[in-house]
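In what follows, chain A forms one complex with chain B and a second complex with chain C.
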Partner chain A sequence: MDSFVILCFAVVNSVALLALISLGLAVIFGMMRVINFAHGEFIMLGGYATVIANHCGVNLWLSMLVVAPMFVALIGAVAERLIVRRLYGHLVTTMLATWGLSLFLIGAVTAIFGNTTMGVSAPLGNIPIGAYSIGAYQLFLIGITALLVVSSLLALHWTKYGLIARAAMQNSEMAATLGINCDRVYAVTFIVGAAISGLAGALLAPISGVLPHMGAAYVARAFVTVISGGGALITGFLSAATILGPVEALLSYFATPVVGQASLLLLAVIILRLLPTGVSSLWTGGR
Partner chain B sequence: MKLSRRSFLGTSAALSAASIAGSFAGGAWAASDTVAIASLHDLSGALDIYGVPSNLCMKVAVEEINAAGGLLGKKVELKVYDGQSDINKYPQYAQKAALNDRVVMVQGALSGAAREATRPVLRKYKIPFIYGSFYEGGLCEKNTFCVNTGGNQQVVPLLEWSFKNLGKKLYYIASDYNAPRNFGIWNHVMAKREGGQVLADDYYPLDVTDFTAAIAKIQAAKPDVVHSCLVGGPAMSFYRQWAAAGMLKKIPIISIVFAAGNEHEVLAPEETDGVIVAYNYFQELDTPKNKEFLAKVEAVAGKNHPYINGEVFGGYSGVMLWAEAVKRAGSFEREAVLAALESSIRWEGPAGVMTTDGPTHNTTQDVHIIKVENRVWSLIEKKEQIPPDTYGGKCNVFTNPNQTDFLMPQI
Partner chain C sequence: MSGPPILATRGLVKRFGGVAAVDGVDLVVNAGEIRCLIGPNGAGKSTLFKCLTHQHQPTSGHVLFEGRDLQGLATHRIARLGIAIKNQIPSIYANLDVRENIRLAGLRRGLEKRQLDRVVELTLDEIGFNERLASQPAATLSHAHRQWCELGMLLASSPRIALLDEPTAGMTREEMLKTVDIIKRLNASATVIVVEHDLEFIARLAQRVTVLHRGKVLVEDTMDKIEANEIVRDIYLGRKKEATHAER
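Presenting the complex of A and B:
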C-alpha cells in the first residue's frame, strides 16, 4: 500500500514536471506559433534569479514567486521588442533568432556566474508515508502546477483579455478591424509566456540546482509535450503530459531510467504518426 | 644488393631526417637551462571545476621544485594548455606539447575520455604521461604512470568498511558511462568477498535532473546503504531530492566521486551532512606536511583558493613523484625516468607515503575514509599503504610491455 502511494506520487510528479516546464512554451508556441528556442534559457534565468535573490537575503518564497517571474518577464519584454516582434509569421527565422538568443543567454550567464552549479535547498521538510517519505516541497510543486494550469485555462476562456488574445491569434486582421491592437496583444502574450517559464525555473531551482546550460535538459521535453498535445492550447499539452509522464515514470521505476526516457520519445513519435496534429485533434477535429 | 642512386638518396634522406628529429628531441632540453613539462587540463567549460585546481596543484609543485634549485641544475617550466572541456583539443595539444614545445612529461587529461584521447598521442611521440586523477583502475601501460588511486584502491577499502559498519545490503545508483559501470563491477566483487548483497545497479543518463522515481525505487528496496557514483552538475539534483524526501538521515550514502567536483560546497550542509567518501587526500588532513603544502597553495593562489580534494591533489603528487624519478635517474630521458619510476620511488607528501609500483605502473598509497559535516570533512578511518590491483597478474608492464588496453575486474 505504502509503496503504491509512493509510486503514484512519482507518476503524478512526472506529469506535473512535464506540465510545469511546458506551460510557458505552450502559451508562446501554441498561441503565437513562435518557436521559442530560448525557452530552456528562460527557465534557467528563472532559476538563477531565485538563487541570486535568495543569496542576497530575499525570502525564498518571494524570490521564487515574485522576483523570478518578474525578472524573466522583463527579459522576455526586451527580447520581444528587439527580436521576436520583427519576425512574426516567419517560422524558420524566429527559430534561428531565438536559438541565437538561447546561445547568447547561456554565454552571458556563464560569463557572469561561471560554469558551476548553484542552488538553494528545498524548503518544507518531508512527509512520512508508512515506511517511506516524500518531499513536501514536491507536493507543493504539484499543487502549484495544477493551480497554474487551471488559472491559465480560466484566464483564456473566461476573461476579456483571454477573449481578445484568442481573437488576435485566430484572425489578426479581423481583430485589428475591430479595434484590437494586435502588436500589443502579441507582446503581452510573449511576456506572460516568459514569466511562466521563469516561474517554472524558479520552482525547479530548489530540487535541481541551476547551471548555465540546464535549459537543454528541459527544452526538448517541453517541445515534445507541446507538439504532441497539438492545437488545443492548455488541454492539449496537459493531455500529452498526462500520457507521456506516467509512461516515463513507470518504466523508470520498473525497468531502467534509460528505457523510461526512450519510451517517452518513442511514444511521442507514435502519437504524432497516428494523430499528426496532436492528441487534442481527437476533440477539436484537427483544427 | 644493387644500390641504385634513387634508393640511396631516399635512404640517406630518411636517415638524416631521423637524425635531425632525434637531435631535436634530445637536444631541446640538453642545451637550454630550462626543461618544460606540460599541464593539459580543462581550464574553461563544464569540467573546469576539476581542471583549474589540478593545474594549480601542478603549479605549486613546479614552484616548490624551482625554489629548491630546480632539477638536475635546470629550472622547470610549466607549459599550460586549456583543453576547454573539448575532447578534440586533447590530441591537438598533446601533439603540440610533444613536437613544438618539446616537453619531457605531460600531466592532466583528467576525464576518462580526455585520457583516452591523449594516451595514444603521447605513446606515439614517446613522451611519458602522468595521470593524476583517480580512476576505475586497470590501466597498465608502459608510457603512462597513474599516481592517484585506481578502482580497487578506493572502492575496496570503502566497501569493506561499509559492509562491516553500515550493513550488508547495498544499492548502487550511478551515471551511465564507462567508469561508473566499471566501479559497479567492483560492488559485486566486494559483495561476494564480504558476504554482502547488491540490491540494484541503476544507471542514469548524465542529463537527468528528476530523481523522484529513483528515490521511490530505493525506498522500496530498503537498502542499508546507498552507493552513489553520480557525476556532474545535473546529477547533484539527486542529493537535493534525497534530502528533501528526508532520506539523508535514514539511509547513509557512500561514494567515491562525491566531492571531486566539490559538491559539498555547492550543495547546502543539510543536503550533504553524513555522506561518506574515500580519497587518498582531503584538505582538512591534519599533518605537518599538509600544513606546509596548503601554505604553498595559498602563496600561489591566495586565501580563497579552490578546495583541494583527492581528485585534483594528483596534480601535485604527480609532479613530485616524477621529480623524484628524474633525480634518481639523473636524466630527463623517457627510458631512464620510466625505469626510475618502476624502481619503487618513495615520496612522503601531504597525503602520507606514496610508492610507485613498477609492474602495474600505478601507485601504492594511503586512503582515508572521511565524512562530511557542515561542509567540513573529518577522518573516520585511515587505510594504510594500499597497493594497486594486479588484475590476477595481467597488469604487468614487464611481462606485457605492449599492453595498452584496459583491464576489467572479474567477479
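Presenting the complex of A and C:
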C-alpha cells in the first residue's frame, strides 16, 4: 500500500516535471513557431539566478519566485531584440541562432562559475508515508506547476492579452489591420516564455543542483512533450505530459531511469507516427 | 467645404517588379460618403486598398487621412487611426469563435471591459447573429455568415473609414440585400469605400462611383452617368451587364 502511494506520487511528479520544463517552450514554440534551442539554458540561468541570489543572502522563496524569472525575462528580452526578432519566419536560421546562444550561455556561465555543481538545500522537509517518506518540496512543485498551467490557460482564454496573442499567432497581417502591434506581441510572448523557463529552472534548483550544461538534460524532453502535444497550446502539451510522464516514471521505477527516458522518446515517436500533428489533433481536427 | 477631405491620395503608385498595379491614382473621398470603386479584374482595386492601409508599401505618392500624410506608418498604426479594411479573401480568425473575433476588432477603441461587452452584443445584434452563431468557431460559418462576421468586426471597431473589398462576392440576392443594410449602418458613423461588381448593390448604396482601369482612375461620376459612359461600357459594364442578363 505504501509503495503504491509512493509510485502514484512518482507518476504525478513525473507529469508535473515534464509540464514544468515544457511550459515556457510551449509558449514560445506554440505561439511564435520559434524553435528556441536555448530553452535548456533559460532553465539553467533560472537555476543559477536562484542559487547565486540565495548565496548572497536573498530569501530562497524570493530568489526562486521573483529573482530568477525576472532575470531570465531580462535575458529573454535582450535575446529577442538582438537575435530572434531579426529572424521571424526563418525556422532553420532561428534554430541555428538560438543554438549559438545556447552555447554562448553555457560558455559564459562556465567561465564565471566554473564547471561544478552548485546548489541550495530543498526547503520544507519530508512527509512520512509508512516506511517511506516524500519531500514536501516535491508536493509544492506539483502544486505550483498545476497553478502555472491553469493560470496560463485562463490568461490565454479569458484576458484581452490572451485574445490578442492568439490572434497575432494565427495571422499577423490580419492582426495588424485590426490595430495590433505584432512585433510587440511577439516580444512580450518571448519574454513571458523565457520568464516561465527561468521559474522552472529556479524551482528545480533545490532538487537537482545547478551545472552550466544542465539544460541539455531538459531540452530534449521539453521538445518531445511540446511537439507530441501538437497545435492546441496548453491542453496539447499537458495531455502529452500526461501520457509520457507515467511511462517514464513507471519504467524508471521498475527498470532504470535510462530505460524510462528511452521509453519516453520511443513513445513520442509512436505518437507522432500515428498522429503527425500531435495528440491535440484528436480534438482540434488536426489544424 | 470645411477642412481637408477625409481621405485623399496623390499620385499613388505601386509597382510589382515592372508592372504598375496602381499607376498614379488621385482620389478624393469626403467624410460620410459611400464611394464605390469598380473596374475589370486587374484594374488595381485591391492593391489600391492595400496601399491605403500599408499592407503594401506604396512605391511612390501619398495617402492623406484628414490632410495627414500616412507615409512611414505601420499597418497597425493606420488601423488605430480608424481606417479599417475587409480584404477580398475572408479575414476572420478561423479558430476563434464569432464573439471573440468581434471582440478583437473592438479592442481598438480602448473601451472598458463592460462597455466592450455591450458593443460586442450590440454588434452581434446588428449583423443578425443569434447566440448559437455567436459562439460558433468562425471556421464553421457559411460563406455569407463569414462576410457578415467580418462586417461585424468593422462595425465593432467603429472606424472613421471602412474599406470593403467585394463584401457581397458569392452571395445570393437576399444575402446581398442584408449586406446593403449592414453597410448602411456602418455608414452612419463611417465613410465607406467599397469595391464591388454587383450593379444592383452599387445602385442601392453608392453616391459616387470611381472607375479604375489599368491602375488609373478612368472616370468618376454618379452611377447613372457611369452607366451611360461609352468608354466604361466598352471596358467593363457592357460585358458585365450582358453576362448578368444571360444568367437570369
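The rule is simple: the second predicted complex is superposed on the first by the 287 of 287 C-alpha atoms of A that agree within 3 Å, B and C clash if a C-alpha of one lies under 4 Å from a C-alpha of the other, contacts with A are read in each partner's own complex, and residues count from 1 in each chain.
Methods note: a residue touches a chain if its C-beta (ideal position, glycine included) is under 8 Å from a C-beta of that chain, and two chains touch if they have at least 3 such contacts.
Note that the coordinates shown come from a computational prediction; the quantities given were computed from them, not determined experimentally.
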Checklist entry - With the two structures laid over each other on chain A, which partner does A:151 touch: chain B (first), chain C (second), both, or neither? => result neither
Item to check | First, second, both or neither for A:216, with chain B first and chain C second | outcome: first
Next on the checklist: Output check: A:182 vs chain B and chain C. Expected answer is one of first, second, both, neither. What do you get?
Outcome noted: second
Item to check | Which of chain B and chain C A:93 touches, first, second, both or neither | outcome: neither
Checklist entry - Of chain B and chain C, which one contacts the greater number of residues in chain A? => result B
Next on the checklist: Per the contact definition in the header, classify A:3: touching chain B only (first), chain C only (second), both, or neither.
Outcome noted: first
Checklist entry - First (chain B), second (chain C), both or neither: which does A:59 touch? => result neither
Checklist outcome for this item: Residues on chain A touched by both chain B and chain C none
Checklist outcome for this item: In the complex, chain A touches chain B at residues 3, 6-7, 9-10, 13-14, 17, 115-122, 125-126, 128, 131-138, 204, 206-209, 211, 213-214, 216-217, 249, 252-253, 256-258, 260-261
Checklist outcome for this item: chain C partner, complex, touching residues on chain A are 160, 163-164, 166-167, 170-171, 173-182, 287
Item to check | Touching residues (chain side chain C, partner chain A) in the complex | outcome: 53, 55, 74-76, 79-80, 84-85, 87, 91, 93-96, 100, 103-105, 107-108, 113, 153, 157
Next on the checklist: For the complex, give me every residue of chain B touching chain A.
Outcome noted: 44-46, 48-49, 176, 202-205, 207-210, 212-214, 216-217, 219-220, 222, 233-234, 236-237, 240-241, 243-247, 250, 266-268, 270-271
